[in-house]
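These notes open a run of structures that come right after.
Here come two complexes built around chain A, the first alongside chain B, the second alongside chain C.
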Partner chain A sequence: MLSDLGTLFINGALLTSFSIIYFSFKELKISNNLVPKKIYKLSLFQLFFTISSFFVLLLAYIFSDFTLVNVYENSHTNKPLFYKISGTWGNHEGSLLLWINILVLFSSLFLFINKNRDKKFKILTLLFQNLLIIIFLVFLLSNSNPFSKLFPVPLEGLGLNPILQDPALAIHPPLLYVGFVGSSIYFSAALAALISKIDSQSLAISIKPWVLVSWFFQTVGILVGSIWAYYELGWGGFWFWDPVENSSLMPWFVMTALLHSILVLERRIGLYSWVIVLSILTFTMSVSGTFLVRSGILNSVHTFASDPSRGLFILSFLILMVFSSIFIFFKFAPNENKKYTIFSKESFIIANNWFMIFFLAVVLIGTLYPVFLDTITGSKISVGPPYYNLVLAPFLIPLLFLMTSGPNYKWVSNEAKSFFNIVLLLSIVFFIITFFIIEENSFLLNLILFFSIYLITQTLFDFYESSKKKNINISRIISHLGFGLLIFFIYVNHIFSIENNFNLKLGETKKMDNYTIKFNNLEQQSVKNYKSIVGYFNILDKKTSKSEELNPEIRIYDKPITITYEASIKSGLFSDTYLTMSNISDTDIFNIKFQVKPFMNFIWFSVLLLSSGGILNFFNRKKYEKN
Partner chain B sequence: MKKINYILISILFSILFIILYFSLGNQRVYDTKDLIGKKISEVEINLFQSSGTINTKEFIKNEFTIINFWASWCGPCRKEHPNLVRLSKIKNLKIIGINFKDDKENAKSFLKENGNPFDILTEDKDGKNSVNFGVYGIPETILIDSELKILKKYIGPLNIKEVNEIRKIVKK
Partner chain C sequence: MKNIINIIIIFFLITSSSYSNENLNNQILKNLRCLVCQGQTVQDSNSEFALIIKSVVKDKIKEGNNEKEIYKFLSEKYGDWILLNPPLKKNSYLLWFLPYLLFILGVIFLFFLLKKPKIRPKE
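== the complex of A and B ==
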C-alpha cells in the first residue's frame, strides 16, 4: 500500500514539474512583469507531492514495511526507532529522494521569496531548477526507486550497517545534502542571470541568502562528519583526506570563494562573470562528489553498494550539465574589463578566491589522480595526508595573513596601511609565550602558529574597535575568528597528541612516561541488536595523579554480522583520553591503542563559530553595508 | 580569445569525462598482484639500531631476500613470527625486517620475547617508505631474487604452507 502511494506521489511530482516547465516556457513569451498564480500553485503542489513521498518512505521505515525492497535491505524490526528513521536516508535510494526534496524545496522557496525580482530571471531559474528536478526524478523512477516492491514479503529485514548507527551520522547526510543540493538553486539562478541579463546587484541579492544557507549547512555537515569519524572510526583522528571527505570539502572551497565574491558583486564593483562561474562550479563539484561516491569509483566507508549503471547515469547528467553550462556561459557572458586597485578590499577578496581555487585544485588532483592513473596505466597508488599537508600547509600562511589584514581595507580605495601596529606587537608577544610553552622547532609550523595568533588577535581587536563605532560586521568577525582558532587548535592538538600502541593481557599493567594503564576486567554483555565485549581499564595520569575508568568495546552486530570496535573516550574540557581495544585471534592478548587528544572540543567549537558567522549574516542581511 | 577558451575548456572537460567513463567499469579493490615479476623500487630505508640507512639495491648481493613488514602492535605479526624464525634458518635467504609505525621499545621487547629472525632490521616510523613497496597493511612479506625481481607477495601472516613454498623456491 505504502509502496503504491509513494510511487503515486513521485509521479505526481514528475507531472507538476513538467507542467511548470511547460507554463514557464509559455510565460517567457509574454512580456509583463507578473509571474502568474498558476505557477505558484503548481510549485506548491510539486512541493506537496515530493514531501509526501518522503513521508511515505519514512512511515514505511518506522513500521518496517518489508513490502518495499528498500526497507527490507536497509532496516530491521529490532532497530531502535531513531535509526529506523535515519535509515530512510542511510541508503542510495532514500537519500536520492531526500535530494529531490531539497531541490524542490529550494525551488519553491526561491520563487516565493524573490517575488520582486525580474520576471524573466525568476522564470528561467525555475525552468533550470525544474529540469534538474525532472532528471533526478527520472533517475529515481528508472534506476533507484525506493518504492520498488518485494514479493513474497519477508518477515525480517537485513538491517542497517552498524557503523552508520550513530547519532552524528544520522544527521550528517541531511546536513550535507542541504549544502550540496542547496547549491543547485544558485546554479540555476546563475544560468538564468546570464540569459536574462539582470544587473549585478540583483543577482547578488537574490543568490546571497542561498549561498549563505548552503555554506552554513555544508560547514556543519562536514563538522558532524568529522565528529562521527573521531568517535566511531576509532583512529583518533577527525580528518583523513579520504576521497569522500574530499568530495564534501571541494564544494566548500568554491562556496567560500563565492560567499566572498558576492560581497564585491553586490557593490557593483565587478566579478559578475566570476560569480556565475563559481555558482556553476559549486553545483558541478557537488554532483561530481555524488558521482564519485555513488558510482563505486572510490572505495570508502561512505560508498553505498556500488552499481555501474548508477554511475553512468550521474556521469551522463554531469556531462549534460557541464556542457550546457559552458555553452550558455560563452554565449551570454558579458565582457568585463575591470581594473582593481591593489590595496582595496576587493583585491583581497580576489586573492582569497585564488587561494580557494588553489585549495580546490590540490584536493581535486589528489582525489582524481589515483583514479586516472589506475584507468590509464593500471597502477594503483593512494594519495594520503603527507601530500595534502605538504602542499596545503605553506599556503595557509599567506591565507591567514590575507584574512587578518584584508578586512581592514576600504572598498575601491588605494590606501596602503602600515603593517606595524599594536596588534602585530601583541601577536608577537603571544606567539613568543606560546612558542616557549610548545617548544616546536619546525619553521613552517611556527609561521602557521604565528599567523593564526595574529589573525585571532587582529579579529578580536577589530571587534573591540568596531563595537565602539557601532558598525560591527559581526559575521565576518565570528567566522574569521573561528578559522583562526581552528588552525590554532589543530596545531596545538597536533603537537600535544600522544599515541601509544601495545598489547595487554587481562590483569596486566602498562607503564608509560606519564600514564599507567591497568587492564582490570572483561565482561560480555547482550544488547538489543548486538553482543559486546567490554574491557575495564584504569588510566592513571602520573602528573596530576588523577585516574579515569575507560571501557572500550568490541561489538558484534547480528544484522548484518559485523564487528565494530568502539573507542572509549573520556572527554574533558581541555583534553580527551581515548582507548580502543581489539582482540588478537586465538590468543588472550588484546591490542590496545591509547591516545591523549588535547583541545578536541575547541576544534569542534571553532568550526561551529566559523559556521555561525554565515548564518548570522543570513539573518542580519543589510542590503548595503557601508564600511 | 573567447572562442579559444570555449574550445579549450570543452576539450578539457571531454577528456576528463572520457577517463571517468572508462574508470566506471574498473575493478576498484586494491590489489598488488600485478607487482609480481616487477623489480622492487629503489628505496632508502632507515636502520633500526643505528642512524644509518640501507638502499634496497644492496639486496642484489643476496641470492634470495625476504622483506617482511611487521609491528609489535599487530596481532597477526605475533602469529606469523615463529614462521619467520623458521625461514631464518635457510642459508641462501636473507630476511629484512621493516618495523612499521612502531614504538622502538615495544619492538625491541617483542623481538626479545619471540626471537629475532631478521638479518637486517630497518624501520619505517611513519609508514611512508612501505608505500613504495606496494604495502598497505601489515603483516606483508615480499620475496625477491638477486635481480631484485618480486617472486612472491604474501598479504597477511605467513602460514606454514607458504613457508614450505618459499623453501621450495629457494632450493631450486
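== the complex of A and C ==
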C-alpha cells in the first residue's frame, strides 16, 4: 500500500515538474513583469508531492513495511526508532529522494522569496531547476526506486550497517545535502542570469542567501562528519584526505570562493562572468562528489552505497550538464575587460579565489590522478595524507597573510598600507611565547603557527577598532577568527598528540614515560541490537597524578553481522584521552591503542565559529542591502 | 616564489631529520595502506595483513634500515599501492608538479588582471 502511494506521489511530482516547464516556456514569450499564479500553485503542488513521497518512505521505515525492497534491505524491527528514521536516508535510494526533496524545496523557496526580481530571470531559473528535478526523478524511478516492491514479503529485514547507527551520522547526510543541493539553485540562477542578462547587483543579491546557506550547511556537515570519524572509526584522527572526504571539501572550496566574489559583484565592481563560472562549478563539484562516492570507483572507508550502474547515470548527467553549461556560457557571457587596482579589497578577494581554486585543483588532482593512472596504464598508486600535507601546507602561509591584511583595504582604492604596526609586534610577542611552550623545531610549522597567530590577533584588533565605530562586519571577523584558530589548533594538536600501540593481557599493566595503563576487567554485555565486550582500563597520568577510567568496547552486531571497535574517549577541555582495544584472533592478548589528543574541542569550536559567520551574514544581509 | 621553494626545501630537510625508533615506527605505519581494508592505514588496522606488516617494519628498523629503504622494500613486494605518500617517479611527475604549475599559471593570470599601482601625489 505504502509502496503504491509513494510511487503515485513521485509520478505526481514528475507530472507537475513537466507542467512547470511547459508553462514557463509559454510565459517566456509574454512580455509583462508578472509571474502568473498558476506557476506558483504548480510549484506548491510539486512541493506537496515530493514531501509526501518522502513522508511515505519515512512511515514505511517506522512501521517496518517489508513490502518495500528498500526497507527490507536497510532496516530491521529490532532497530531503535531513531535509527529507523535515520535509515530512511542512510541508503542510496532514500538519500536520492531526500536530495530531490531539497531540490524541490529550494526551487519553490526561490520562487516565493524573489517576488520582485526580473520575471525572465525568475522563470528561467525555475526552468533550469525543474530540468534538474526531472533528471533526478527519472533516475530515481528508473534505477533507484525506494518504493520498489518485494514478493513474497519477508518477515524480517536485513538491518542497517552498524557503523551508520550513530547520532552524528544520522544528521550528517541531510546537512551535507543542503550544502550540495543548495548549490543547484545558484547553478540554475547563474545560467538564467546569462540568458536574461540581469545586472550584477540583482544577480548578487538573489543568489547571496543561497550561497550563505549552502556554505553554512556544507561547513557544519563536514564538521559533523569529522567528529563522527574521530570517535567512530577508532583511529583518533578527524581528517584522512580520503576520497569521500575530499569530495565534500571540493565544493566547499568553490563555495568559499563564491562567497567572497559575490561581495565584489554586489558593489558592481566586476567579476560577473567569474561568479557565474563559480556557481556552475560548485554544483558540478557537488554532483561529481556524489558520482565518485556512489559509483564505487574509489577506495574509501566511507563508501556505503556503491553500484557501477548508478555511476554511469550520474556520469552521463555530469557530462551533459558541464557541456550545456559551457555552451550557454560562451554563447551569452558578457564581455568584461576590467583591471583591478592592486591595493584594493577586490584584489585581495581575487587572491582568495586564486587560493581556493588552487586548493580545489590539488584535492581534485590527488583524488582523481590514481583513478586515471589506473585506467590508462594499469599501475596503482595511492595518494594519501602525506601528499596533501606536503603540497598544501606551505600555501597556508600566504593565505593566512592575505586573510590578515586583505579585509582592511578599501574598495576600489589604491592605498598601500604599512605592515609594521602594533598588531604585528603583538603577534611576534605571542608567537615567541608559543614557541617556547611548544619547542617545535620545524621551520614550516613555526611559520604556519606565526601567521595563524597574526591572523587571530589582527582579527581581534579589527573587532575592537570597528566596535568603536559601530559598523562592524561581524560575520567576516567571526569567520576569519574561526579559520585562524582552526589552523592554529590543528597544528598544535598535531605537535602535542601522543600515540602508543601495545599488546596487553587482562590484569597486566603497561608503563610509559608519562602514563601507566592498567587493564582491570573484561565484561560481556548484551544490548538490544548487539553484544559487546567491554574492557575496563585505568589510566594514570604521572605528571598530574590524576587517574581516569576508560571503557573501550568490541561490539558484535547481529543484523547484519559486523564487528566494530568503539573507542572510549574522555574529553576534557584541553585534552582528550583516547583508547581503543581489539582482540588478536585465537589469543587472549588485546591490542591497545592509547592516544592523547590535545585541543580537540577547540578544533570543533573553531569550525563552528567559522560557520556561524556565514549564518550571521545571512541574517544581517537585509540591513546591509538598504545601504 | 623563491621563498616558497626555499620553504619547501627547508621543510624536506627538517622532516627527514632523526626520530626515535618508536616514532619512526609510527611514522612509517601511518604512511602505509592496509591492502585488505577499505581506506585504512596499517597503523589503524588490526587485520592479519596489517599485523604482518607491523612486525616486518619493526624487524626492518631493528636491522637498521632507514625509512626510505623500508618503503622501497615494501613497494617492491606489494606495489606502489601500499605507499600513501606516492614516490616521485615517471608515473607521478604530473601528480607532484601539476599543482605548482597551476599555481604559477594563476600568478601570470593575476599579473595581467591587476593594474600596476601608480604613485599619485596627495591632493
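In the analysis below, the second predicted complex is superposed on the first by the 618 of 627 C-alpha atoms of A that agree within 3 Å, B and C clash if a C-alpha of one lies under 4 Å from a C-alpha of the other, contacts with A are read in each partner's own complex, and residues count from 1 in each chain.
FYI, a residue touches a chain if its C-beta (ideal position, glycine included) is under 8 Å from a C-beta of that chain, and two chains touch if they have at least 3 such contacts.
The model shown is predicted, which means the values in this text are computed figures rather than measured ones.
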Chain C versus chain B on the shared chain A, clash or fit after superposition: clash
Touching partner for A:Val383 - first (chain B), second (chain C), both, neither: second
Partner chain(s) touched by A:Thr516 [first = chain B, second = chain C, both, neither]: neither
When both partners are placed on the shared chain, which of chain B and chain C touches more of chain A: C
Which of chain B and chain C A:Leu312 touches, first, second, both or neither: first
Which of chain B and chain C A:Phe443 touches, first, second, both or neither: second
Chain B versus chain C as contact partner of A:Tyr340, first or second or both or neither: second
Contacts of A:Tyr369 with chain B and chain C, given as first, second, both or neither: second
Chain B versus chain C as contact partner of A:Ile350, first or second or both or neither: second
Contacts of A:Ile584 with chain B and chain C, given as first, second, both or neither: both
Residues of chain A that lie at the interface with chain B and also at the interface with chain C: 299, 379-380, 382, 386, 501, 582, 584-585, 591
Touch list for chain A against partner chain C, complex: 233-235, 240, 242-243, 299-303, 339-343, 347, 350-351, 354, 357-358, 361-362, 365-366, 369, 373, 377, 379-387, 390-391, 393-395, 397-398, 414, 416, 441-444, 447, 499, 501, 565, 582, 584-585, 591
Partner chain A, residues of chain B touching it in the complex: 2, 5-6, 9-10, 13, 17, 19-26, 28-32, 34, 71-76, 78-79, 102-103, 106, 126, 128, 131, 134, 136
Chain A to chain B touching residues, read off their complex: 291, 295-299, 306, 308, 311-312, 315, 318-319, 322-323, 326, 330, 371-372, 374-376, 378-380, 382, 386, 500-503, 582-587, 589, 591, 593
Sites on chain C touched by chain A in the complex: 4, 7-8, 10-11, 14-15, 26, 30-31, 33, 37-41, 43-44, 46, 48, 51, 79-86, 91-92, 94-96, 98-99, 102-103, 106, 109-110, 113-118, 120
